[in-house]
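Structure, as C-alpha cells:
Labels run A, B, C and D following the written order; every chain starts at residue 1.
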Amino acid sequence: MAEISVNIQRDGDDPRPTTARKDPNTCPTCRSHYRADELVALLRVCRQCGHHFVVGARERIAQLCDPGSFVEHAADLRSADPLAFIDLKAYADRLTDAELATGLGDAITVGVGTIGGSPTALAVMDFGFLGGSMGSVVGEKLAVASDLAVARGVPLIAVAASGGARMQENILALMQMAKTVMAIDQLRDARLPFISVCTHPTTGGVIASFAALGDVTLAEPDALMSFAGPRVVQDTTKERLPDDFGRSHANLRLGHVDAVVPRSELAATLARLLRLFAGSIPEPVVPAPPRAAPPSLGQRLASLFRRGASRG
Amino acid sequence: MAEISVNIQRDGDDPRPTTARKDPNTCPTCRSHYRADELVALLRVCRQCGHHFVVGARERIAQLCDPGSFVEHAADLRSADPLAFIDLKAYADRLTDAELATGLGDAITVGVGTIGGSPTALAVMDFGFLGGSMGSVVGEKLAVASDLAVARGVPLIAVAASGGARMQENILALMQMAKTVMAIDQLRDARLPFISVCTHPTTGGVIASFAALGDVTLAEPDALMSFAGPRVVQDTTKERLPDDFGRSHANLRLGHVDAVVPRSELAATLARLLRLFAGSIPEPVVPAPPRAAPPSLGQRLASLFRRGASRG
Amino acid sequence: MVRVTDEVRRLRRRFQERGEESQIWDAVLLARHTSRPYTLDYVGGLFSDFYELHGDRAFADDPAIVAGIGTYHGRPVVCVGNQKGRDTVEERIRRNFGMARPEGYRKAIRAFELADRLGFPVLTFVDTPGAYPGVGAEERGQAGMIASSILAMARLEVPVIATVIGEGGSGGALALAVGDRVLMQENAIYSVISPEGCASILWKDAAQARKAAYAFRPTAASCLDLGVIDAVVAEPSGGAHKDHERAIRLVDVAISAALDEVLALAPRDRRLARRAKFRRMGVWGTAEPDTTASGLAAER
Amino acid sequence: MVRVTDEVRRLRRRFQERGEESQIWDAVLLARHTSRPYTLDYVGGLFSDFYELHGDRAFADDPAIVAGIGTYHGRPVVCVGNQKGRDTVEERIRRNFGMARPEGYRKAIRAFELADRLGFPVLTFVDTPGAYPGVGAEERGQAGMIASSILAMARLEVPVIATVIGEGGSGGALALAVGDRVLMQENAIYSVISPEGCASILWKDAAQARKAAYAFRPTAASCLDLGVIDAVVAEPSGGAHKDHERAIRLVDVAISAALDEVLALAPRDRRLARRAKFRRMGVWGTAEPDTTASGLAAER
C-alpha cells in the first residue's frame, strides 16, 4: 500500500534558504540587510533584488487600506484545542506562543475598510501565526468576512499566506475548506465580487479552497502556490521538479492566476479593481459603519482584543 | 498573414482507403466482401475485422428503435439554397442528386420512437446525404427533435454522422451550431437527458456543437471525432499526427466520450440508459402519439414526403 | 421540386441584383488588413479602464483571446475578444494569428460566467481566421470547448453584444458571437470557412478563393439580409484601418444603442429571446406535395 | 487565557475518558485493509444497474475516481467515488492507489452538474489517501479543481449523501464529501492528513504515525463528536472486509434513511441547509476579557 504523506504544506516546507528565518531583516536571496523601519517603509520588498519578504496581517492591512479606515471584526475569537492535541509540544502552548509572538488572536484578521476610497471587506492571513495554518478560527473569521461583505454590499478581498490546514485541529481544520468555499458561494449568491490575493506561501488546504476561487485571483511575485509542497511531490513521485514549481509566475503561465502583482502595485491594483467592480455592487443594505479617526498601530493593538466579535 | 483553411471536415477528408466508396459492400480494412442483405443483417459491421461501415439514417433507426415505433416528424423540410450557390456544380443540383440517391429530404431524420420499450425523441444523421453536412434544415430538424422531447417529456438521442457544416449555406450553416446548442439547452431547462452518439465521422461544426454536449456521449469504434480534419491539421501545423488522431478510442482516453460502444451493443446500451434515466423524466405534458402499426420500409418511404412537419 | 418561400426568392433576387462581387473581395482584404483595429484597440478606445484576466484555471493562458473587466460609459462590463498580434512576427506568433486553443475558449467561458454572476453586460469582439487546428488543441477538446462556449453564451442572463470587427471565421468565431445583438462592421467578413478553405474543398484549388468568396458572400450586407446579424456598422471611408479613432467611435455608437435596447429586458426574458432569435436562423423550404419518395426511390 | 465553551470542555473530557488509543490504530489498519469493500463493490451491491461515465471533457479520464448513473431502490442517482485498485499491482497503479488528479475531480464535477440538471440525488463514496501530489497534477490545477469540486457540491440543489468507506484523506477526500448527510463507517478514518504525514511533520519522523493517530483521532467516533459527520455506520464484526455483503447492507440502510430525510426538503432549502451545516463546523473560544493585546505586546 503506497501510503503518501500528502497535501499539507507547512512552515518548514519552504525550500528557500532559511537565513530569513534566522534574521528576518536580511534578504534571503541577495543578503542585503535592512533596518526594521526601513523594511516597513519598503513594504518589505528588497530594494536590491526585489525579493518579497513575508508581511504580517496588520502591516499588510496598513499597506492596503486607506489610513484609519479599517475596522476589525471578530477579533476575540481564539482556537480552543478541542482535541487537547499534543505532539512534541502542546497545541495550547503553540497557540499561546504564537499569540505572544505576533500579538494576534489567530492566523487571520478580518474587517471592513476602504482602499482608494472604495469600501470592501478584508480577510488577511498572517504566516507568522503557526505558519498561517487554517483551523476553526480562520474558517469562522473568513465566513464572518463574507457576512460583512454581504451585509454591506461590498466586495471581499482575501490576502492568503498559509502553509495549509492546521493539523492540530485535524478534521475540523479540513472542514474549514468547505466552510470557506461556502462563504465564497454566499458572495456569489449576493452577486458580490471576491478578489483573492495569494502571497508566499499559499498552499495546501487554503489554495485548495477559498483562495483558488477569486473572481479575480492575484499573486505576489515568486509566491509558492501549490496544493502539495515541493518536498512532498519530490518524495512521492521522484520526479525532477521544475525550478519554478508552484511559483506564482508558473501559475500565471499555467492559467491559474490573473496576474502577478508586485507588492508596490498591489494597493493601486486592488483600488482599481474595486472601482471597476463598483457599478455592479448593490446598494448597501445596512448603513456603513461610522469611520473612526485613524488610530495608531499601538492604539489599534491595545483596543483590538477588547472589541467584541461582530458579524455584520 | 497565415491564412488557414480550417475547421470543416468533408467527405473527401476521410484518410482511410476509399475502396468503400467504390464498392460499398467491401470492407475497406480487410477486403471481405458481403452481399447487400448480409451487410444489413450484420448491422454493417465486418464479421472478419469488426470494421463499422457507415449506416444511413433509416437503417440506423431500424437498428435502434423497437419495430414500428418510430414516427417521423418534419419530413417535408428541404434546403432552399438562398445564396443560389454554385461551385463546380450548383448546390440545387447537389441537393436533388442527394435526394435521389438517398431517398431522404436532407442529412437528418427526426422523430419519436421507443428503444427497449422506453420512449425517446431521435435525431439521426445520414452521411450519405452531402456528407451529413449541417445546413438550415439539419439545424431546424434537430430543434424540432428537441421540441418533441420537451413536449413529450422524453430524452433526446442524437446519432451524428457528419463532415461538419454545409459550406453551400455558408453563414446560415454556421448559425446552426448555435441553434442546435440552444436546442440542447432547452432540454436542460426541461431537465431532460440528452444522449449523443458519434459515428464515423462526426467532425467540424457538428462535433463542435450539439454532438459534444451529451449528458452521456457515446461513440462507435474507430469513429473520427475531431474539429479540424487530419489533413487540415497536418497541412497547417506540419506536426506528425498520432496514428489514432481523433479516433473514438483516443477520444475516450482523452476524456471526451463516456464509452466506445460496438454497434452490436448500441441499441441495448441506449435502452439501458433510457431505463436508468427514466425515473427522472417528468410525466408527459401531452399524450403520446398513437402508435401506428409497423409500416414496411417501402410504405415508410412512400408516405414519408406526404407527412407534414409536426413540431410536437 | 422544393417549394421555396417568398423570402428565399427575395433573397436570391437581391443577391443576383446586387452585383457586389468586387465589394466582396475588397471586404475580404480589408477584414484582414494588418492595420485594422483589433480587439485591444477597441478596448483601449471604448473603456475608461480595463483589467485583463488571464488563464483558464486548468492548463494555460491563451493570448489569442483576451478577456477582462472594463468600464464602458461608467458601467462595468466584461469584454472578451479574439486578438491578433500586430507589428512583430513574435507578437503575431504569440497571439497565434488570432487562432485560439481550447484554453482560450475556457478563459472566455470563465469570463462569461463571471459576468453573469456579477450582473455585468458582455461585449465581445470577433476577429479570427478560426480556432487553431493543432494536434494538442484537438486532443484537449477544441470541439467540445467551442460547443461549451456557445452554450455558456446561450445561458447568460446578462446582455450580450457581439461585434464582428474583422474575420469572423467559423466555429472559432461563433464561440464568441452568440449575442442578443450581433453587429458587424461594413468591411468585416463572417463565414463558415475561409474563402481559401472553401475553394480548396469545393473547387479543389485554394487559389480560387476569390471565386469562393463571391459564391458564399461572407459580407456584412449578406449576413444582414440572411438575418444573421442585427446591424451593419459603418467604417471610415477606405476602411477601419484608415482612421482608428473614427472606426471606434462608430462601433461605440452602435454598441451603446444595442446595449440600451437589450438592457430593457428582464434577465430571463433576455436569455429566452436570445434562444428564440437563434432558433429562427436558417432558410428552408418544403417538399412539393406531388414529389413523393416512392417516385424518387423508383428512379434508383 | 482563552475562554472556552462548555462544548469544548465536554469534548476534551470525552476524548480523555475514552481511552480509545488501540481502537484508533485498529481503525487506521482496517480503513486501509486491501480486502475492504471499495467504491465499485458498493456500486455493485447497492445499484440494480449502473452505467459508468468517463472523462473530464478536457484532458483525460482518471480511473482513481469513478462516476456514473445508477438505479438505487428504483430511483436514478448519480454516484461518484474514489476508487482504489484491487488484486494486481497493475490495477493498483492504474487506479493510482485511489489518488485522483485534477481530471478526476473535473469528471466528478461533470457528474455533479449532470445530477443537478436532471434532478438525481448524488451518492458519494470517499476512500483515498489524498489527491495525487505529482508535478503534472499540480500544474494542471489540482488545488483549484479540489476547490471547484467543493463549490460544485455546495451548489447542488439535489440531495447529497456522502459516505466515508475507507481512508478519508485530506482535501482529496473532502472534494467528494460535501454532503447534506455525511456518513462514516465504524472503522473508516477521516483526517486532514495521513497519520504518517502528520508524524513526519510534527514529530519529524513518519514512523511515529501511531502516536500521531492517537493525537489527532481520525476515527468515526471522534468525527461524530466533533459534528463533522452525521452518523456512524456499523460494520460486520472484525471489519467490513470480513463480510462484504453485510457491510454493504448496513451502508444501504444508512444511506436510505439519510436520503429519505434529505428528500423531504425543497431544493433551494436543501442547498442553504447544507451551507448552514458546514458554516457551523469548527470549535473555538473567545479571548478572556482581561487579556489585552497591549499587555501581550509589552512582553515582546
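As a working rule, a residue touches a chain if its C-beta (ideal position, glycine included) is under 8 Å from a C-beta of that chain, and two chains touch if they have at least 3 such contacts.
Treat the numbers as computed from the prediction; the structure is a model and nothing was measured.
The set of chains in contact with subunit B as well as subunit C comprises D.
Looking at B-D and A-D, the interface holding more C-beta pairs in contact is that of A-D.
Look at the CA centroids: the one farthest from the centroid of subunit A belongs to B.
Measuring from the averaged C-alpha position of subunit A to that of subunit C gives a distance of 42 Å. As a whole-number value, the distance joining the C-alpha centres of subunit A and subunit D reads 26 Å.
Mean C-alpha position of subunit C lies 46 Å from that of subunit D. In subunit D, the residues touching two or more other chains are 57-59, 140-141, 144, 148.
Counting partners per residue, subunit B has 212, 254-256 as the residues that reach two or more other chains. Chain contact topology: the protein chains form a pattern that is neither a line, a ring, a star nor a complete graph. The chain pairs satisfying the stated touch condition come to A-C, A-D, B-C, B-D, C-D. Residue ranges on subunit B touching subunit C, taken from their complex, read 1-8, 10, 12, 75-88, 95-96, 99-101, 103, 105, 135-137, 139-140, 143, 165-179, 181-186, 204-205, 207-213, 225-228, 232-233, 236-237, 239, 241-242, 245-246, 250, 254-256, 298, 301-302, 304-306, 309. Subunit C meets subunit D in the complex at residues 57-59, 102, 106, 140-141, 144-145, 148.
For subunit A in complex with subunit C, the touching residues are 188, 191-193, 212, 215-216, 252-259, 272-273, 275-280. Looking at the complex, you find that subunit D touches subunit B at residues 49, 51-61, 69-71, 74-76, 103, 107, 114, 117-120. Per the touch definition, subunit D reaches subunit A in the complex via residues 1-5, 8, 11-12, 15-16, 32, 34, 92, 97, 99, 129-135, 138-144, 146-148, 150-151, 154-155, 169-172, 174, 178, 190-194, 196-198, 200-204, 206, 212, 215-218, 222-223, 226, 228, 274-275, 278-279, 281-287, 289, 291-294, 296-297, 299-300.
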